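Next, two complexes with chain A in common: one pairs it with chain B, the other with chain C.
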Partner chain A sequence: MKRVQLQRWSSTVLSPRAQTASRLHQHVFPAGSRCQSTASPLQAESSAQEGLGDSGFEDVELMKHVRSAHRRKDMLKYPSPPVDAALNSAKLAALHARLYLPSRLPPQTLARALVDASADSNPDFNNESLATLGHDLLTYYTTEHLLCTYPRLPLTVIFAAMYAYAGPKTLAAMAREWGVEHASLPGGEVDPGLLQFRRVAPGSDLNVLYNKRTPRPYAAQKAWRMTVTSKIFYDDEFGDAIKGPENSGEGVTAELASATFVRAVMGAIYLHAGRPAAKRFFEQHFLSRHLNISQLFNFSQPARDLARLCARENFEPPVARIISETGRKSRHPVFVVGIFSGQDKLGEGAGASLIEARERAALAALKGWYLYSPLNVRVPSSMEEEGAAPWKPVYVDLGEVIV
Partner chain B sequence: MPVKGIKTVTAARNGVGAFILQCKRLDFHYCNYGGSSRGMLAFLTQTLPNFARENPQIEIRVSPRHSKHPIIKGHYINGREKSICVRNLEPTDILAKAMILKDASGEKLKVQKKPVTSLNESVRGIWSPYHGDLRGV
Partner chain C sequence: MATSIAASKRPFVTLPFLLPSWSDSLALGSRRYQSSYRRTKQRLRVKPDATFGSSYQGRDQIIYNPPSSAPSVYHTPSKFLPSNDARRSMRIEDSATGNVTDKVEELPNVYRSDPERKYHLTPADVEEIRKLRLSDPMTWSRHKLAKRFECSPLFIAMVCEASPEKKQIQRQVLEAVQSQWGPKRRMAREDRKLRREAWGRDE
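Presenting the complex of A and B:
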């Protein structure tokens, strides 16, 4: 696959307003100057002098004051901060450095990633397009990691693991841990280092707000059974119903806006710094988080599932046997039960009753099967690296047992 | 349905993948007239530009506080803040105080009793009374 010249892209993905501003900026500011210690981007007065004619007062100080007041008034017109303000924001520069973002990702794009569609409806200035790209990348990398590392996971557990790695709740927590602060109201005069979105009015019903326009037929029939297979076709990557577009002007929750921001950062890194940088960012920030996949299972009848699994795999039917016990006649007995298939012990569990111990043993056996993980796993996207070894097919399982 | 998934959220492990510095902002307050701010004024003019260049992750604000002792205040990602009064200190000592605030996690200081704190379960497992050899009493 031929690689796209991303350096050339990076100028095209910036909006027209951004390009002109950066060109203007090259003249106004010396290259490489950092504005870490300015409290507010409004203090830079050098770039907006054309709004006010040179004729007027002799007093330089007064003129300066008047100019800055005019500039502030100009900024109030915009729904989101102007692009040149991004270069003067200390918060934005600090966020850029805190995340170790590649230097090819300009602060203007990071500022754009912080503007939600509910704040600025113009798609040239909000993060909607970046977030769409970032969401696709995130879910792709997560899916391939899960499917290759744990090839036998049941689909419902894959949905849960996807939600845990790349769901909106996790992304919102990440934005919080990155130290992203929220602006109380979006506007042109706001510091571009703040996350800008229009909040949902207090007391509004979120289920009504995000109308569920799912492609699933008969979606109104709540009592009807929804199969897991149908979730692949009709629902999103977390197994939830696809939410329709938000009603414009209604606002979004802070959780959703933060999640959109994190996705937009991922998309921006991909566009400006390329695929390896995006993959590295994913591994460092998303995959490094802690998730115990064995705690995502919720079995209703593990003994029955195990019997069906053994039948499918042509194992001998599972038999539960007591391995040891203590205090059968006492107030707190303990039984240790093992589940055997022929001579092989599949699992073992301890419980206060024989039934509980058997259930735990069956659960351990099922988890031992489903959590199988091959050694030295490679994911398909590792083939995109330079000089990658020839691809060997990964292990593909039959799938979960159907009961 | 044979098995259902339980929805959870992954837990952050700062430093396992990327490391996020927990100090997000440092405020330097000084007074133009007070004698206790003399060292702080020297620090702001001589040392602070270098400090800021070395720590780009931290937003730095400098503002006067009239007729008060100079202080440094750190704002942290967990929402807490810590402040240190640097009255009558030399610029080198003020830099040391700024480094303390920079390196802090923002949590309250507490005694660490366990040598290791981890989200992973122990490799050796928990001792079970029902397994292994029985020992005669």
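Presenting the complex of A and C:
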């Protein structure tokens, strides 16, 4: 049996970069390009002549090096990587594949989503517009999910749940989980797979950095009471004061830049792949995160609130009764107290004292009221799907108990 | 026989609570984990106990197996369900056909007696309460006024407020008392307050 000659194989198997550059190959290459080019033979001949002259004059490797250095110098002029660099970035392709993004979303847009407005102020090349769209979609989908699934939630709990689902801290954690790394400084020569933003100078005060230009009247009056209801009108979707546009050139925190990137990805998916893909992305990456809403409550006087609730809903006034107890005269007694309204048990709680058990039972009853969830929850955006069933109005509650 | 086999499978080293406390530091270095699926599965296999059966239901007992746990807050009480919710009718059918509900009236109340609401005070009485409290706040405290007018101290607090001087005196008294506390009592009081706040978060 004849042995395969490795010497011959190597030239075809190995990539061109790994091949030893021989003068013969370089001389052959322009001729090959001429055959494939659509330009007229004369032009092609002249370009081949130029190529021949260049390569003939100097070492090809050195030439290549000089050219790439020139290109890098050109790229240094740009504040963010050029668009065609996205096709050559392994990091970007890996991120695209890791997130299982739709193939209709090109890597160029993903690269644009990674450029923060603090890195490139040109709105045609940064992710600001994508992030605005993505933020609106995220908050809309989260809000409709919360309001339709738990229609009785108090507003403060809704704000807390919104922050837990789509707040900047969560989005930054998601970007970290996705394996997005930060570029130390933005620039045209940076790998487009890195998140690019201008960092805040160390030691700068973040509260001063973001000027709080809120539409709320009398915002300067710090001592005045801010009602929860007014937060719907004047504040953002998390119940915090609306932050004005940040001063340009000051930089952003890594957390904010990561959050903007995640929002921009959401906006890009919506633009390139459409509404169903955006909805699916939201369900897979945001709604799938576990949030125990029952832990977001904090009551100061649950028994009083429950009494008000029963009066409002025309139930019999709540009565606390001992269901079972053990060790009343011991050091560690346990009482199990139930709150009853008429014959119905509203809640049950256990505690080391009668007062504690009663408070816990009232709290359980209040949570039972607030955490009511209808059967077969549908959200308004489900009507956008093809062939959706006719819309039935969702359950709308009277509102939380006001004492 | 079966019990002896089970006992030999559980050597003392795997039950650290049986060992004296000084051996904790020794056991740390040589602790062995359930490194295979089969071993974990074997440990989780619970032998059937006589208390598992339903034969104990209906009789007085002190062992409840499995032990009862607090009901989930996501399980909305029937009374809180809206009238058009399907679960409401399902639960009514369930209670009508099946288990007997406990007599709620037989359960003892947490408080000895319900406070009786009398609504007997007139606007003139309220005026007098205010006048008394303003005129001599040291004598006419909330509790004394409540006793005299046969109402709750809470009602007195709703009707009138103590004068600033009285509040100042009361604050000084409280500070004098608290300055006598040692570190133990102070810490215990703070812990009590923290525990009370934890009730509201259900912790």
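For this structure, a couple of remarks:
Throughout what follows, the second predicted complex is superposed on the first by the 345 of 403 C-alpha atoms of A that agree within 3 Å, B and C clash if a C-alpha of one lies under 4 Å from a C-alpha of the other, contacts with A are read in each partner's own complex, and residues count from 1 in each chain.
Throughout what follows, contacts are C-beta pairs under 8 Å (C-beta built on N, C-alpha and C of every residue); 3 or more make two chains touch, one makes a residue touch a chain.
For clarity, every value in this text was computed on a predicted model and none was experimentally measured.
After overlaying the two complexes on the shared chain, residue contacts for A:345 are found with chain C alone; chain B is out of touch. In the superposition on chain A, contact of A:311 is made with neither chain B nor chain C. Contact comparison for chain A: of chain B and chain C, B touches the greater number of residues. Once the two complexes are overlaid on the shared chain, A:62 sits clear of chain B and of chain C alike.
Contact with chain B, but none with chain C, is seen for A:334 once the two complexes are overlaid on the shared chain. Using the contact criterion defined above for the overlaid structures, shared-chain residue A:156 touches chain B, although it does not reach chain C.
Of the two partner chains placed by the overlay, chain B and chain C both lie in contact with A:297. When both complexes are aligned on chain A by C-alpha atoms, chain A residues 295, 297-300, 323, 350 touch chain B in the first and chain C in the second.
For chain A in complex with chain B, the residues that touch the partner chain are 34, 36-37, 39, 90-91, 93-94, 96-100, 154, 156-161, 163-165, 167, 169-170, 173-174, 176-179, 193, 228, 239, 283-291, 295-301, 305, 323-324, 326, 334, 336, 350, 366, 400-403. On the side of chain C, the complex with chain A involves touching residues 70-71, 73-82, 85-87, 101, 104, 107-111, 114, 199-202. Interface residues of chain B, counted against chain A in their complex, comprise 1-14, 16-18, 20-21, 24-25, 48, 52-53, 56-63, 77, 119-120, 128-131.
Taken together, the chain A residues at the contact with chain C in this complex read 294-295, 297-300, 302, 315, 319-323, 337-338, 340-351, 354, 356-360, 363-365, 367-369, 371-375, 395.
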